[in-house]
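Chain IDs A, B and C follow the sequence of writing; residue 1 opens each chain.
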Amino acid sequence: MNRMDQIVAYRCKKCGRIHYPCHDRCLDCKGRDFDRLVAEGDAKLLTYTQIFNLPWGFEVRFLIIGIVEFENKVKAMGQIHAASLEGIHAGMLLKPAWQPVRQVAGEAVYGLVLYP
Amino acid sequence: MTVDMELEAVLRAPELEMPPYPPKVITLANSKKMVVRPIKREDVPTLLKVVRPTLDIPRDYYDIVGARLYAELLGWYRYRVRNEYCLIGQVDGFVVGMVNGRMWDQNIGISLHTLAIDRGLHVGAHLFASKMEYHIEHLGQQEVWITAESPIGFRRWMIEYGLIKQEGVQHELGGATSYKLTRDLYFETKPRLVAGVRPVPQELLDQAMQSILIASEAEVTEKICGVKGR
Amino acid sequence: MRDVAVIGVGIIPFGRRDEDSLLDMLAYSSLKALDDAGLGEKGVDALYVANMGAGILQHQTAIASALADRLSLLPCSADTVENGPASGASAIKNGVLAIASGYYDTVLVAGGEKMREVVGWKATDFVATLTHPQVEYPYGITLPGMAGMLARLYMEKYGLTEEQLIAVSLKNQRMGSLNPYSHVEMMITKEGIHDHRDAIVNNPMAADPLHLYDMCPVSDGAAAVMLCALEKASQFTSNVPVVVAGFGQATDTHTLQERDDPTELKAVTLAAQQAFARAGLTPQDVDVAELHDAFTILEIVESERVGFFKTGEGGKAAERGETALGGKIPINMSGGLKARGHPVGATGVAQVVDIVFQLRHALPEGRQVKNAKVGFTLNFGGFGNNIVSFVLRRAE
């Protein structure tokens, strides 16, 4: 099973709500105690877009970005590695990886990359 | 001006055969019909009237593009630039934009400048695409060398077409980084970037060919800088 | 609590204003509002200035202090209010509270932004700084991208069509062409942006499934309103006062991924409900509305969430012309953000200015909603995570 050690979510000890990123109080019950929860498993695509007119710092024509839900219910945004939207659809399973997503001042910034 | 033809025979460079660009019509976002067609050398003085006001418009580097385009067109008119052409976009007979380029040799085309007078309607993008179409499909060239003098141009050409950076190759427009469009790249991008239909309906073509209408200098400035002077 | 009225408004043409600084624009619109309110040489008790990005874009901070000085409003209190693209409405809300509480009698609120000073992709990056800095921004997500994801979810859930989005785009661009303060004055046609084969170049995909003409432009601009205790309005002007009958504000999760159903836009619903409850009115009482159509999808979803249409019906209503002039509820008769433009700090103020024009019955035929008595505004901050709305009514 895929395990994304870099994506650490927080499950409220009181009500079980999963948070990613972290919050100081639970969004549902205001609880302050959380268990760490590493994102695991394949990632189910919930929604996505292909963005043109990118912000400063990206010298590519477009990015495909989506929001996924891992098998253990952690939800996260990531870049989808694909040449086009052909074959991409909500509900499909994607393989997650932790890879460079952009360059800042010549340094690679790592993040969630999703493979169809 | 009297021309010494004996001297001209020495100074004028021999030109390559260039089949003319076949006119086409593009439907713009406001449904207006833009006829894209080549001009003849003798049309240059008329066209220069629409370029002249841009020399005083620093916005979006219109002054640089305008000054260089002016010189290139004049150079073509006076037989000092080799293998040059100019395509114009006309709406209701009026010039709304223009592009020019030339053949470096049989295989390599040089993209020179793109000037949009009417803005916000993708006129520049349409005309640039027409220029690429001319080099690849009608002049039969293998590649077109391109550079950008404005951020808009960089975004539109280098990013939109995914042009190939030519490390160490200088473009003749002052040595800025050169990019190239290959035949493969052109045909890959053509479906989303090259618009227009042929033949142009006779009535539209007649209107465009009848005369090149030019807006006044004030109107040109207004079109480029915005209708409220902003 | 006292009733608060808008007694003066000022707005300058939005667009690209290379020749004006941010302070110039704020000053021009403020002077118009002061004059409209008949303030003459009097001062104001307080000044609130809405601005999102001068610190980033102009390398200038403390804008309110600078404007108070420039307008010779010293020694009034002065605060800059930053709430992303909802800064404008937030600043007005603060002004309303200050007067309603009895602490101040007169408050000037100005909102402005100068976004065209930088190239487009730097402006896009600037606006994207409101996304989550660790789990969203690094991926290159933009606000149009957020709207694209929302639109896709909404299409799947409610069957929204491209034609419905286009109906919003055409309506707002047509209204913008009639508004002298509008950034975009160009008419477009369905043929040119959709039906004709050349539309693929004219109206390229921007953030799938949204196209270029689903997006608002990046603009410079400023607008201002003069607020006053209703009981004192007649001391300044004979303008028909427009009463701030109610406001609402609500927040939602910072990230889109943490919302159970991102299409719900909960904060929009809550902000509208609060505003209507405070005003003692309902969505059915509204004659004209200015909604935050930074993207066409937003106008449609907002029109449902604030209560003008049932869920899933907003797109169909737009296509049927129910949001056009003469329709059930005319929306964005200014052209909206789509055409008037979206200088982020100015937008919330400009929306109120446009509703005041409507409620004064001051607009020409073609834009004026006949006999409009109640207006509504919705200013959308973040990507739906901080919403401010107003219900305004004409004082009879």
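Annotations
As a convention for this text, a residue touches a chain if its C-beta (ideal position, glycine included) is under 8 Å from a C-beta of that chain, and two chains touch if they have at least 3 such contacts.
The structure presented is a predicted model; accordingly, all values stated were derived computationally and were not measured.
With every chain reduced to the mean of its CA atoms, the largest distance from chain C is reached by B. Counting C-beta pairs in contact, the chain pair with the largest number is A-C.
Work out the mean CA point of chain A and of chain B, and you get 45 Å between them.
Chain B and chain C, compared by their mean Cα positions, are separated by 40 Å.
Centroid to centroid, with C-alpha atoms defining each point, chain A and chain C lie 31 Å apart. The set of chain C residues that touch two or more partner chains comprises 119-121, 204. Considering their complex, residues 26-32, 59, 120-122, 125-126, 129, 151, 155, 191-197, 226-228, 230 of chain B touch chain C. The part of chain C that touches chain B in the complex is made up of residues 13, 15-19, 119-121, 184-189, 191-193, 196-204, 213, 220.
Taken together, the chain A residues at the contact with chain B in this complex read 59-61.
Those residues of chain A that touch chain C in the complex are listed here as 19-21, 27, 46-58, 63, 65-67, 75-79, 85, 90, 101-102, 109, 111-112. On the side of chain C, the complex with chain A involves touching residues 119-122, 124-125, 128, 132, 134-136, 138-142, 144-145, 148-150, 152-153, 156, 204-209, 253, 255-258, 262.
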